[in-house]
Amino acid sequence: MRTNRVREIWNAGGNVVNGWLASSSSYSAEIMASLDFDSVGVDLQHGMIDFDQALPILQAISVQPATPLARIPWNDPVWIMKVLDAGALGLICPMVNTAAEAEHLVQAMRYPPHGFRSFASVRGPLYMGPDYAKNANDTVIAFAMIETRTALDNIAEIVSVEGLDAIYIGPSDLALGIGHPPAPDPTEREVLEAIEHVRRTAVDAGVVPCIHTAGGDHAKRCFEQGFRLCTIANDVSLMRKAATAEIALARK
Amino acid sequence: MRTNRVREIWNAGGNVVNGWLASSSSYSAEIMASLDFDSVGVDLQHGMIDFDQALPILQAISVQPATPLARIPWNDPVWIMKVLDAGALGLICPMVNTAAEAEHLVQAMRYPPHGFRSFASVRGPLYMGPDYAKNANDTVIAFAMIETRTALDNIAEIVSVEGLDAIYIGPSDLALGIGHPPAPDPTEREVLEAIEHVRRTAVDAGVVPCIHTAGGDHAKRCFEQGFRLCTIANDVSLMRKAATAEIALARK
Amino acid sequence: MRTNRVREIWNAGGNVVNGWLASSSSYSAEIMASLDFDSVGVDLQHGMIDFDQALPILQAISVQPATPLARIPWNDPVWIMKVLDAGALGLICPMVNTAAEAEHLVQAMRYPPHGFRSFASVRGPLYMGPDYAKNANDTVIAFAMIETRTALDNIAEIVSVEGLDAIYIGPSDLALGIGHPPAPDPTEREVLEAIEHVRRTAVDAGVVPCIHTAGGDHAKRCFEQGFRLCTIANDVSLMRKAATAEIALARK
Amino acid sequence: MRTNRVREIWNAGGNVVNGWLASSSSYSAEIMASLDFDSVGVDLQHGMIDFDQALPILQAISVQPATPLARIPWNDPVWIMKVLDAGALGLICPMVNTAAEAEHLVQAMRYPPHGFRSFASVRGPLYMGPDYAKNANDTVIAFAMIETRTALDNIAEIVSVEGLDAIYIGPSDLALGIGHPPAPDPTEREVLEAIEHVRRTAVDAGVVPCIHTAGGDHAKRCFEQGFRLCTIANDVSLMRKAATAEIALARK
Amino acid sequence: MRTNRVREIWNAGGNVVNGWLASSSSYSAEIMASLDFDSVGVDLQHGMIDFDQALPILQAISVQPATPLARIPWNDPVWIMKVLDAGALGLICPMVNTAAEAEHLVQAMRYPPHGFRSFASVRGPLYMGPDYAKNANDTVIAFAMIETRTALDNIAEIVSVEGLDAIYIGPSDLALGIGHPPAPDPTEREVLEAIEHVRRTAVDAGVVPCIHTAGGDHAKRCFEQGFRLCTIANDVSLMRKAATAEIALARK
Amino acid sequence: MRTNRVREIWNAGGNVVNGWLASSSSYSAEIMASLDFDSVGVDLQHGMIDFDQALPILQAISVQPATPLARIPWNDPVWIMKVLDAGALGLICPMVNTAAEAEHLVQAMRYPPHGFRSFASVRGPLYMGPDYAKNANDTVIAFAMIETRTALDNIAEIVSVEGLDAIYIGPSDLALGIGHPPAPDPTEREVLEAIEHVRRTAVDAGVVPCIHTAGGDHAKRCFEQGFRLCTIANDVSLMRKAATAEIALARK
């Protein structure tokens, strides 16, 4: 049986460098998964990707060693269950603002008696092996995104929800949510304090702190701050960045 | 009526920086086309792209100012005519080894009496305006790829074919074709001489010399050498390059 | 006007053998629908199928005599209404645990004044004929899946909901829901008793009892028990079963 | 920065002729957008279109001057946010029956502090320009569909919701909702009075009245009545109408 | 066993009104096939349709009584055999200029010993019945398009090719091919004489004369002239025509 | 670097059990590849699969240990090169009737100096490792299908073509080609003798004999006869066979 490498890295005290996919191409997905990322997340919220495109993308990631994750568009059982069936080993759920919402996420991700995930043999056993169903509740990772003032107010209750594995900060949304302009690598003191408050509260509750970053340098600083998974930009922003630089060289 | 910006730049004595798409996502295509490229080519030969995906990609490029080009997989009327119908304003054709093959390419791209392109009103008028049919023969650009020893031997005849607008060198294939390892930015003297020989022969015949490059720096050198259109890497290699750099920063 | 053959078979006292599709291919869908199934269900819950793929699948089933059904991923108006618009003549809805949920399902499936299905002329009239809108409320079949302990507790109220045509048991989920390992053809006494209790309660309320089975032999036993529609495995598990047997023969 | 032409026309006191897409083809979408429509709406509710097809359709509309709108299938944040991310400049939301539902729609469409739309840079800046995020709350248009008796009862409260820009009447659903047969161009007095009541209540509250019509003649009458945006049939019904007429000519 | 209705109509002395599809939507295909067309052709040459989209389109046509035909993009065995496998009952082949090309078309469409169509059981038996393979050579219809001066010169030889069932004139290409501007409903005397010459030569050889027309009125005149199958515009031009008319009414 | 398992098995003296895909679902492809097949072939000739669907299918096979092969629709460089780029490790080419055609196939599959395959870094290095380009000519397997009388006449010359690795018999086409009814598991003496003649001629020339079979039992007999790769039915015929059997059980 294959294992969830993200959990293994965390269990070994390591940090996870996570890639991010906003484009629907299974070809670029496989390329991203072939690089030195520990995991690659399929962004079904803000990526231009729908469920039918997520299946080949998750298969393409599975060809390579990186662990397949996904961000679902909402805390919605349709997306939670279909994307887990398609083989994602962790789900990042946006806009988790209360303990009740965190519980809903966790329960929709777990088979009874720990939740209400509907049972079926789909890509889990194909990708992970015949024991998938038995181990799925302990394998798939539940990430709650903390990105509003309400979530900040409820952070202690949210991270106390049993079965919640990790929190995931979206700095732009969090900044916007507490009255600042969106900034992928924020510098406003209030935003930085909110981020650190969330991180520390999560750690104290045994929940892994994770964050979306603007790039490798930002990720390095976040790892030093104590984050354990950092997402680095996404496929199309990386492409745009490199293209802009190469065009400038060509036009010099 | 919209015009073909590549022709305009050439007519004004300028050089064209061309982007390249190997992934089938119309979203990343639109992003590429929004950058400072003069044109963007859809690679239907080595890209993981099929005709049905080329249509939305060409539409996505059309939202932005860059001129839509395409590399077809072979000198084949099916692909030539379908991709022109879908709105490409220039076709780069691989493996043109003889004057007869160049003539076939040119004729398949032109309406009678200059060729045998089949007539229909498809995306041309939608994108270019109602005069598309009248002007198409003078608008769409025919690029012949020179990438084998046979093509080298026949280069003078090839560039003499009436209606051939440009030649396009694929350095890796050309290197391989004359007995050297494939190299996107070749350094072998024989390969460099072959490239320059093709370029000069084209220029002498009034045919525009174009080349596939390994990146902005290589493109700059090629422009200085006298090439008038340089393709810069492709969407997924740019993504890979930037991702590799950011991962290294994160892991430092 | 075409009729809903499943209703006709039931009205004539017969039993329905239902096929099941987990793969997104409209080609294999048409093959399944060409066999001796009375109906074929598109599994949008655990199948690797999205809405855009459901349309050609439902069209492909419509070429053949089998009646098109679908399992929606959740009791969600988006899916209920889009899949009915696409031509499904019955919807199997997972996780119906209360009478309120059953009422929601039924109402979302019926045009006013019997519900709140939004009105439009889409595939219904194309497939069924011009009277579709007038007859749709009496034509499309509402199936509520009974698969949790809560649903068991509420079964009498659920089957009393006006307009609910059928209940549908998922044995694996039901087993898991009441504390047993998932089993497509259960043998645990408590599970078997729960199944029979649901069946009998449904029958007593005039609601048709239906069940997902592990294969033809299991289906035969369920028909003998009094179930009126049995789903037989699915397209990919049938393929897997036959492939495994043929490989064994080849390797003997 | 591009502007939302529908808002501009309204601000200038003009009326909007809106096209409507029920087919998933980005080619026919571009053709529709090239005609003399001011805006073109992608019907994700009753059209046979899914999110992954909406992206190339919205891109195709963006090639042409018409403003891209969309009807979402339900008042659901998944659809609201994904379709706005894909570049729609206005969302028509079905079945808005209460002020609370109208508020939910509006809030899901606005970035904080005016709502809870999740922040990301996707097609907005590509299509509209770099200021998209700053201006999005004032740019995208929120249309609430009024189509049930409950909505009629609550119309005054609904149109008082801050940030609701427009109401949109679906005559067939409204007729059905108040006890009459569905009619795209209704003649029943009660239906006509309900429509006029909704229109006037909206106008009085400073909300723009819009309506789905059966064709150009119906639209003309609605403009005369004071409606400011009229949708004209849809792509496939126009096709069907013209095809039926041409077949009749051919068979004469 | 189902029959090829186009052959039946011809055998009964009747004329065939043929619809035409340029858009890739299987939904609009089914609508077109539900109208009073005798047959509907999938335009894989100038339509924005690829093979993978042709399958669901052909399935969608098969739901309705109209006979499925297709225009292939070239006289190419790949397209000929794949499209026949997908269930087309007739192929219209562009640019047949010589008897040898007509023979190639015919042979690629027939199983040995009458040709070299590769054998397999695909959609033929699903759609037509178990006898498909035995009858296919006599069922599927081979149409050669006559649209160049060369073809005109060779028309007598072309229509003498055994197994060629029909010729199909594309007036715009034929006009262009003999030195006139493209015109869907030509009025130039030389073009009209060429069309009549082709028609009569075909009839004299027992080959059915067919033509692409600009609409119902043009078709009616062509039927009166002796053509036996007339294609009427296409899906998107019908849509465009009706939309333009309705917009004008709305804006009056 | 990964290796081509089919070559390894052959080198070790073993036989290859090959699966076959006619449906375009990457999900059923991954299931097939997870079974005890040594290799799985994507049937782009008679399968209802196009190039854009072949990419995710080849990726899905790559998740599992089976080696990805493909049957191309014709001896056409477009298909040969695109499918190799997409990661197939062997190509089965239909209708190879002469040594010249076999040479064309082989050359289109090999990089210079052994052929004219166009060079690019696509899925080869992703799937096989960084040495792909260097080893590709020795890795990918060229299979020529022998299925006509002409091919029978030329078999000795065909199998003498340098670089041809294997021949592949399609019994139905071969039977039809020599005047017998198509039969997947032929019993006619002339057909059996032709098959054995081809097999022996191939073996004598050091070319591996392969065959399409009707199932496991037929494959077993072919292995005993000396064939070294047997394809077993296909995904949809396996599905059909099992479905038919289960329906019969259910209806008993």
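A, B, C, D, E and F label the chains in the order they appear, each numbered from 1.
What we mean here is this: contacts are C-beta pairs under 8 Å (C-beta built on N, C-alpha and C of every residue); 3 or more make two chains touch, one makes a residue touch a chain.
What you are looking at is a predicted structure, and each value in this text was computed from that prediction instead of being measured.
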Checklist outcome for this item: Hop count on the shortest chain-contact route linking chain B and chain F comes to 1
Item to check | Any chain in contact with chain D as well as chain E | outcome: B, C
Item to check | Listed pair (D-E, E-F or A-B) duplicating the B-F contact set, over half by residue number | outcome: E-F
Next on the checklist: With centres defined by CA atoms only, which chain is the most remote from chain D?
Outcome noted: F
Checklist entry - Is the contact between chain A and chain D built from the same residue numbers on each copy (over half shared) or from different ones (under half shared)? => result different
Checklist outcome for this item: Cα centroid separation, chain C vs chain D, in Å, comes to 34
Checklist entry - From the C-alpha centre of chain B to that of chain D, how far is it in Å? => result 41
Checklist outcome for this item: Going by residue number, chain D touches two or more other chains at 22, 24, 27, 31, 48, 50, 52, 55, 76, 123
Checklist outcome for this item: Among line, ring, star, complete and other, the chain touch graph is other
Checklist entry - Using the touch rule from the top of the page, what pairs of chains touch, sorted by label? => result A-B, A-C, A-D, A-F, B-D, B-E, B-F, C-D, C-E, C-F, D-E, E-F
Item to check | Residues of chain E that touch chain D when the two form their complex | outcome: 17, 19, 22-25, 27-28, 31-32, 35-37, 48, 213, 215-217, 219-220, 223, 230, 232-233, 235-236, 238-252
Item to check | chain B residues touching chain F - in the complex, by the definition given at the top | outcome: 22, 24, 45-46, 48-50, 52-53, 73-74, 76, 79, 94-95, 147-148, 170, 172-173, 176-177, 179, 182
Checklist entry - In their shared complex, at which residues does chain D touch chain A? => result 50-52, 55, 76-78, 81-82, 85-86, 111-113, 116, 118-120, 122-123, 133
Checklist entry - Which of the residues in chain D come into contact with chain B in the complex? => result 26-27, 30-31, 34, 55-56, 59-60, 62-64, 123, 126-127
